[in-house]
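Look at the two complexes coming up: subunit A is in both, with subunit B in one and subunit C in the other.
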Partner chain A sequence: MTTGAIAFLERYQSLIGRLPGDSALRAAAAAAFRTAGLPGGTQQRRIEAWKYTSLRPVAETAFKPDAAPRHEAETILTGLPLLDAPRLVFVDGAFRPDLSVMPTAGFARFAEQPDFGTLSWPDREPMVALNTMLAEDGAALHVPAGYDAGVVQLISIAASDADFHPRHVIRLGKGSQLTLVEVSAGQGTYLLNTVAEFHIADGAHLTHIRLQDEAASAFHISTTYADVEAGATYDSFTLNLGAQLSRTEVHAQLTGAGAIAHLNAAQLLAGSQHADFTSVVGHTAPGCTSRQTVKNVLAGRSRGVFQGRIEVARDAQKTDGYQMNQALLLSPYAEVDSKPELEIFADDVKCSHGATVGELDAEQMFYLRSRGIPDAEARSILVRAFLAEALDAVADDTIRFRLEAAVERWWERQKA
Partner chain B sequence: MLDIRGLAASINDKPILKGIDLTVPEGEVHAIMGPNGSGKSTLGYVLSGREDYEVTAGTVTFNDVDLLGMAPEDRAAAGVFLAFQAPIELPGVNNANFLRTALNAIRRAHGESELDAVQFLKLARAETKRLAMPDDMLKRNVNVGFSGGEKKRNEVLQMAILRPKLAILDETDSGLDIDALKIVADGVNALRGPKFSALVITHHQRLLDHLVPNRVHVLAGGRIVRTGGPELAKELEKSGYAGLIAEAA
Partner chain C sequence: MAAVTETLDTVQSVTQSGYKWGFETTIEMDFAPKGLNEDIIRLISARKEEPEWMLEWRLKAYAAWLKMDEPHWARVDHPPIDYQDLHYYAAPKKKAGPKSLDEVDPELLKMYEKLGIPLKERALLAGVDPDSVENTQVAVDAVFDSVSVATTFQATLRKAGVIFCPISEAVREYPDLVKQYLGTVVPVADNFFAALNSAVFTDGSFCYIPKGVRCPMELSTYFRINARNTGQFERTLIIAEAGSHVSYLEGCTAPQRDENQLHAAVVELVAMDDAQIKYSTVQNWYPGDANGTGGIYNFVTKRGACRGARSKISWTQVETGSAITWKYPSCVLLGEDSVGEFYSVAVTNNHQQADTGTKMIHIGKGSRSTIISKGISAGKSNNTYRGLVKMLPSASNARNFTQCDSLLIGDQCGAHTVPYIESRNPTAKVEHEATTSKIADDQLFYCRQRGLSEEDAVGLIVNGFCKDVLKELPMEFAVEAQKLLAVSLEGSVG
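Let's turn to the complex of A and B:
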């Protein structure tokens, strides 16, 4: 057990009795975390799901949960690409009603009405165990059946060199709709370890957009569970730009006939950034569709990881699953690891996957330059084009423009 | 004036051009004809600076500057334009943005002010109209989902907007129906003037009926084997290249 994992367990010990919610669940999670430790952070057994990502740097960082914030949360919030829509703002893991704009959907704080949900597996996912052990706040949203809750922003701001474990549960009633825009940003060296779960009832539609723009020295771990019922849609897009190390893990279960899941993502990495996008899509009902395109742009000595798994159960006939991982390497020192997996027990399915890794296309470069466009500008046009195709998955123009603007700022930062 | 002397070039150590001598005075249109594999496209690529071709001998000067020492974008700024035989698709790149970026890059190189989106669209719409191209071609991604003819017209549109001093048209007529062919020829004819010259690479006499060249050169085996007036193209249409090549060998 590393010092990092021990520090988390010691904190849990000191907080027993003061943490909200089911204490037996927390104790079980602590026991699971004690056994597993931080993936890659111990000399214990290797975890296949964390083959390409080691949390050793997390284990080696001393987080200071009681230190005063070193940065102005309000300033960070003002700099975010916010939409004119309700927002739930969390600063250093705690809900801030003064900075939030209440949604029309039913909202409750985890700190007041703790809800661990029903989909997570603390015994299987060490970081979920850590979250379950230490979660103090989060958002519970409930969209009533048939209701269109519009856009709700879920914002995480980190202003201290600490670790945060928000716990969110979002339930969409039958035939309801919600667009959830999650933005995470901050300053300093911190760990954001979020667990969120989504219950999407029959015919409901959840659009989930994420912009991860954490501080350059931050750690961002996010584990999402989605249960998508008959005729319902989970349409997600994740843009990972920040953090020295990030892991976006999604478990989507298509449990009702005709359910749809889109798990699209783009990761832009430079310097020594490491970003891991890991997904498991379970087709357990017939006639479900899953689509996944994950694009990586890798500069410097960065490393992008894609692990995608499609599981098709015996009864999930007429499954339509597609998975694509593409990487553009802008430097000879950048690295991508891609591991697509299919596990199919039904006999009438259409599943495909693929991966491409490449540099900029020489013919396209020559075409642009032959029109007078200088080399550096031509490169930037082609990289943006590669990303534009990924961002096209975001149907809402206003939201897509915000993401494009975030990509532009990322470029400006690289030039600086 | 374009002046090519003793130009030899190879790709992957395979010689393609084996000593080309060619002069295109300002204001003239010259046609390059010849059988497949004779080096016609290579000549276009070498003049526009494609890096996978290695120039092994010779010089190319354009308006008294050494073209071969320049990067492709600098050649474009100097006025060289290659209309690609197989125009490249650029998924995710909007055609109007691409054209404006290119025009502004060239204007910048000339110390001219850049055009904003509104100014550019006005110019571009006038040109698409003249080339009988639908307006939506500006909104689409560069060459993506374009038919063969649309791609060729898009090359002519780029040429019309960038206003080169030397246009190299690499089989811009291939795959075009007679109406499209006339539009392409008209596009080039519109640019003709004392400061404009063109090298028109073609297999067919047809284009040259509409775009009458000052001189016709026949390229075979990496060398120019014959040069003549516009009547040479008509003669080749009748007799083919076989006799000429045998004669030269």
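Let's turn to the complex of A and C:
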């Protein structure tokens, strides 16, 4: 057990009785975390799910949960590409009503009405165990059946060098709709360890857009569980730009006939950034569809990881699963690790995946250069074209423009 | 129509006889006591009349093995193996060393005759009298359990300067070569099964192709597992010097029995500048019966090192047998512009489990690799492709193409694909594709309305599905492999 993991456990011990919600659940999670530790934090055991990502840097960082914020949350918030829509703002893990704009969907704070949901596996996922053990706040949203809740923004701002473990539960009633835009940013060396779960009832439609633009020294771990019922859609897109180390883990279960899941993502990394996108799509009902395009653009000494598994259960006949994973290496020191997996137990299925790794196409570069476009610009054009395919999956123009702008800013940062 | 008739005949003969090669010869065996310890290793080494360094090498491997745990990452399930409940040495009782096939125990020859279809087929293909095996262009180093008893074509090979002999003989006759290469591709402590093999291997083939020599014939070894409860631990080492070329065929059948048998072979290939090694395998060991009882546990470590520039190692395998297959023939592409290839068909039926694939480690500039894997699952079986493509920072302009296709027959089986792709060089290109599907109804309908039975139709479609791999096999093997596919899938439809 590393000192980092011990510090988390000691904090939990000191908080017992003061944390909201089911204390037995927390105790079980603490026991699981005590056994598992931080993935990669100890040498003795290698976990396949964490093959390419080690949380040793997290284990070696001393977080200061009680220290006063070192940065202005308001200033950080103003700098974000916000939409003119309701927003739920969390600063250092705690809900801030003063900065929020209430949504029309039913909202409750975890701190007041703790809801751990039903989909997570603290016993299997060490970081979910950590979250379950220490979660103090989060958002519970309920969209009633048949209601269109429009856009709701879920904002996380980190202003102090601490660790936060938000816990969100979002429930969409039958035939309802919601577009959830999650933005996370901050300043300092902090750990954001979010667990969110989505229940999407029959015929409901959840669009989930994420922009991760954390501080350069931050750690961002996010675990999402989605239960997609008959005829429902979970349409997600994640853009990872920030953090020294990030892991985006998605578990989508297609549990009703004709359910649809889109798990698209793009990661742009430079310097010594490490970003891991891990997804598991479970087809447990017949006639479901899953689509996934994940792109990595890797500069500097960065390392991009993609692990994607499509599981098709015995009964999930007529499954249609597709997964595409592409990586562009812009530097001789960058590294990509990719593990697209198929696990299939039904015979009448159509499942495929593809993966490519390489650099910018020399012929395309030549074409642009021969037309007088400078090297840097030519590269930028080609990289943006490469990303466009992933970003095009975002149907809402306003949101896509914001994401493109974020990519643009990332690009500017690299030049500076 | 000839092909159809042939297929029909095959299916018929199989339906009647079940596992066609499931017989057992009764030759007196010479067993070491059950169990594994240093004394057994000393005994094996002494029986093999090995020099001291070989014994030390074995003991080192044994010491490493004791500290290792059996791997559990593969998608295979089996009851725990009691390594102390096996015989690690079994040899047919020797009459003074036979010099030619004439002197070989007639019981053995009869067994070869039963198994000998490929030999005769080759003889027929070559247009010679089927009984005059001597004239066929295939050298056979037959391995009967643990001791090689018949070696042919030594003279022809000698003339070309090729050394092809049992590895135990090589240890005695060519110690410098063996010392120089043994364990350099698969180190003694590489993995649990390789370490076990290093400690207790009893026989296998050694092959050395000198500089610039094109081996005058295809080399072939028939591995048999024959005695009850004897693990078979083959060790093969093939060295192709600069500019040489060799094609090696390996075919396997095993007698039918109920108790599981452990097989943990190690194959090491070394290719120097411009050398080429083609290693083909048809593996149809006893897969267990329809209820999943019995069958061979096949835990094999196969690895080739392309050490020289422009060297090439090509693995082709047709895996239809064994209850459990755990096998990843790999290439370490060290040489500049070296080439690695992996062509595989893995068929599982009933309760068989196969976890197989390859590793292509690109180190040399401009190294290239191709992976074509076709997995077919039927019955209640599980078939997994597990592979790694790794581009190291030095592998500038390296290239990999991977295609993994799975075919499911029936709704009780599983097909899985677990590729790992790791790249640390931007100029290296990796492409990976995988698909999973079933035999389309319209394909079946098309064949059926032309008068093919459902089983023949499936055989035909499956052979088409595997075409890309089967065409890589030497012709003699291709014929056998096609029959095997039909045989292996027998009873999986309807």
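As a convention for this text, the second predicted complex is superposed on the first by the 415 of 416 C-alpha atoms of A that agree within 3 Å, B and C clash if a C-alpha of one lies under 4 Å from a C-alpha of the other, contacts with A are read in each partner's own complex, and residues count from 1 in each chain.
In this text, contacts are C-beta pairs under 8 Å (C-beta built on N, C-alpha and C of every residue); 3 or more make two chains touch, one makes a residue touch a chain.
Keep in mind that this is a model prediction, so the values were computed, not measured.
Chemist: Please determine, from the superposition on subunit A, whether subunit B and subunit C clash or fit.
Modeler: fit
Chemist: For A:Arg384, select first, second, both or neither according to whether it touches subunit B, subunit C, the two together, or no partner.
Modeler: In the superposition, A:Arg384 touches subunit B alone.
Chemist: When the two structures are overlaid on chain A, which partner does A:Ala62 contact: first (subunit B), second (subunit C), both, or neither?
Modeler: neither
Chemist: Touch check for A:Glu341: first (subunit B), second (subunit C), both, or neither?
Modeler: Once the two structures are laid over each other on A, A:Glu341 reaches subunit C alone.
Chemist: Looking at the overlay, does A:Glu363 come into contact with subunit B only (first), subunit C only (second), both, or neither?
Modeler: first
Chemist: Would you sort A:Ala24 into first (subunit B), second (subunit C), both or neither based on which partner it touches?
Modeler: In the superposition, A:Ala24 touches no partner, neither subunit B nor subunit C.
Chemist: Taking the superposition as given, does A:Ala376 touch the first partner, subunit B, the second, subunit C, both, or neither?
Modeler: Neither partner.
Chemist: See if subunit A has more residues touched by subunit B or by subunit C, and give me that chain.
Modeler: Comparing touch counts on subunit A for subunit B and subunit C gives C.
Chemist: Given the touch rule stated above, what does A:Arg314 touch, subunit B (first), subunit C (second), both, or neither?
Modeler: Only subunit C; A:Arg314 stays clear of subunit B.
Chemist: Shortest C-alpha to C-alpha distance from subunit B to subunit C once the two structures are superposed, in angstrom?
Modeler: Minimum over all C-alpha pairs of subunit B and subunit C: 14 Å.
Chemist: Touching subunit B in one complex and subunit C in the other: list those residues of subunit A.
Modeler: After superposing on chain A, no subunit A residue contacts both subunit B and subunit C.
Chemist: What residues of subunit B sit close enough to touch subunit A in their complex?
Modeler: 48-52, 71-73, 75-77, 81-82, 84, 87-88, 90-93, 98, 101-103, 105-106, 109, 158, 162
Chemist: Going by the contact rule at the top, pick out the subunit A residues touching subunit C in the complex.
Modeler: 48, 314, 317, 327, 329-359
Chemist: Using the touch rule from the top, collect the residues of subunit C that touch subunit A in their complex.
Modeler: Listed in rising order, the residues of subunit C that touch subunit A are 73, 391, 393, 406, 408-438.
Chemist: Spell out the residues on subunit A that touch subunit B in their complex, using ranges where they run on.
Modeler: Residue list for subunit A touching subunit B: 362-364, 366-375, 377-378, 381-382, 384-389.
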